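Shared between the two complexes below is chain A, which pairs with chain B and chain C, respectively.
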Partner chain A sequence: MSTQANGNVGIVIVSHSPDVAKGTAEMVRQMVGEEVPLAFCGGNPDGGLGTSVEAILAAIDRAWSEAGVAILVDLGGAETNSEMAIEMQPEARAGRIVVCNAPIVEGAVIAATEASGGASLEAVRRTAEELSPA
Partner chain B sequence: MAEPGSSNGASAGSVLLTHAVGLHARPSVKLTKLAKTFGASIELGTGPEGPWIDAKSIVKVMAAKAPQGTTLHFRAVGPDAGEAVAALVDLVERDFDEAAAHAGNG
Partner chain C sequence: MIDEAKKRALIEAMAAAMIGHAEELTALDQAIGDGDHGLNMKRGFEAVLADNDVIAAKPLPDALKAIGTTLVMKVGGASGPLYGTLALALAKELPADPSRDDLARALRGAIAAVKARGKSESGQKTMLDVLEPVAAALESGADPVAAANGAAEATIPLKAIRGRAAFLGDRSIGHMDPGARSSALLVAAIAGVLGGISDGG
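Up next, the complex of A and B:
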């Protein structure tokens, strides 16, 4: 699920469940629109619940924007595998991919709303994280 | 319902929120996205005396939880303040284009 190239921050959704990832992406598309690059992944290669570094790497590529990419995750492994995928990125992308500490569904919609107005990666992350109880 | 008034880079207006579920997620997203297209700083109040919140902040607009029947007040400052207030009032009057929401028209 990739989009036209543009200058807006991209959003990547990483869930243990392929259905949650897909449904979250649908909410972003229906509520926010088409202005942000968006990709999602979920499930392990055997079709069960889980996350995989390879799938996350591919999702980052699909949603890549020169403005950067914000990743929304659900539970433990989604975050650690996303961090591993960030570490494996080429040097040219260093510092331009972040994992947001926000609930996956609400955070994805909020982050995409902020990104659709051309906000910086840091502003997108900060807005998504405003949601979280401190 | 709209009462836009404009003078020299500052503008204000108000509109009755008729949307059945109030200013919930989808209307909040639309309002915020529209507000962000203007250079003016724009504030939204749920009463004539506020409290005022940044109309470009999706988190704050959603958190306002304005119910149906609320009169929304907008005030803006900047070169395009008049257009901004008029456009936002119009969006609320159109009920956020909810009927056309699934046509990707928002």
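Up next, the complex of A and C:
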């Protein structure tokens, strides 16, 4: 699932489970609509539970927006692999991709809602991270 | 001199250690993690082994870069970026024909990179708890394999602060950290090929 980049921040959903990633993306689409570039990935390189840097790189490409990309992750390895994927991006892109410290489902929905209104990457991240206990 | 034959042997030894101990690592990870460490490391090193001819023909820094990139792409868990970062950092730090001093210095640099990647420090029940004593052993002239094995054992009473095991809190106490064990196994495999250091693992 993806859309061509418009002016809005893109959202990438990275779960250990392909089903959780897909389901979260479906909730974002239904609740927020088509206004944000959106991509998701889940599962390790063999298709089992886990995450794959290669798949995350591809998801960032699909959701890429000049306004930047906010990544929502579930558990530890998803975060570490997402950070690795960001570092592997060209420098011009790497500074415009963030991993949000937020719960994956609620964070993706609220981040996409914020992004759909044209908010900056920093505002999208801040809004998502307000969901996390300080 | 780490020539092509030695690089090939290093890759074979590391892969054999991870493939041969996959079940043990998975069992350790089932106790305090998500039970995929053995399978993930096996998958990563099988991919490295499949490219052995190409990788071993490269100069050491380029070979390490290829190994690191493969681990990042193929392992699938957090250990992919962590071991991948270790290899990529070693690739940057090591000359083509390193001395023991070069290894110690490069390992210190690579440990710093792994700490940054994992946002972790020593004493948190991770692979770092093995890597740092190994670097110290290389610096002091002690046996790095004995240091690695002792350090892996010493993670048993530690409480996990980072990674999935951190969710368990006190319940992580009493189990060896799977990443510490895989690090010790890799150190033993490398030392076995480079020689002059005792067997272990």
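Basically, the second predicted complex is superposed on the first by the 134 of 134 C-alpha atoms of A that agree within 3 Å, B and C clash if a C-alpha of one lies under 4 Å from a C-alpha of the other, contacts with A are read in each partner's own complex, and residues count from 1 in each chain.
Going forward, a contact is a pair of C-beta atoms (placed from the backbone, for glycine too) under 8 Å apart; a residue touches a chain by one contact, two chains touch by 3 or more.
These numbers were taken from a predicted model, which means no experiment stands behind them.
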item: Joint occupancy of chain A by chain B and chain C, clash or fit; value: fit
item: Which of chain B and chain C A:Pro90 touches, first, second, both or neither; value: neither
item: Partner chain in contact with A:Thr51 - chain B first, chain C second, else both or neither; value: second
item: Partner chain in contact with A:Thr127 - chain B first, chain C second, else both or neither; value: first
item: Following superposition on chain A: angle at chain A, chain B versus chain C, Cα, nearest 10°; value: 150
item: Contacts of A:Gln30 with chain B and chain C, given as first, second, both or neither; value: first
item: Chain B versus chain C as contact partner of A:Gly7, first or second or both or neither; value: neither
item: Which superposed partner A:Val109 touches (first chain B, second chain C, both, neither); value: first
item: Chain C versus chain B, contacts on chain A by residue; value: C
item: Distance of closest approach, chain C and chain B, by C-alpha atoms in Å; value: 27
item: On chain A, the residue positions that both chain B and chain C contact, one per complex; value: none
item: Contacting residues of chain A [partner chain B, same complex]; value: 30-34, 109-110, 113-114, 116-118, 127, 130-131
item: Complex contact set, residues of chain A against chain C; value: 44-46, 48-54, 75-77, 79-81, 83-84, 88
item: Residue ranges of chain C touching chain A (in the complex, touch as defined); value: 34, 36, 39-40, 43, 72-82, 84-85, 117-118, 163-164
item: Sites on chain B touched by chain A in the complex; value: 25-26, 29, 32-33, 36-37, 56-59, 101-102, 104, 106
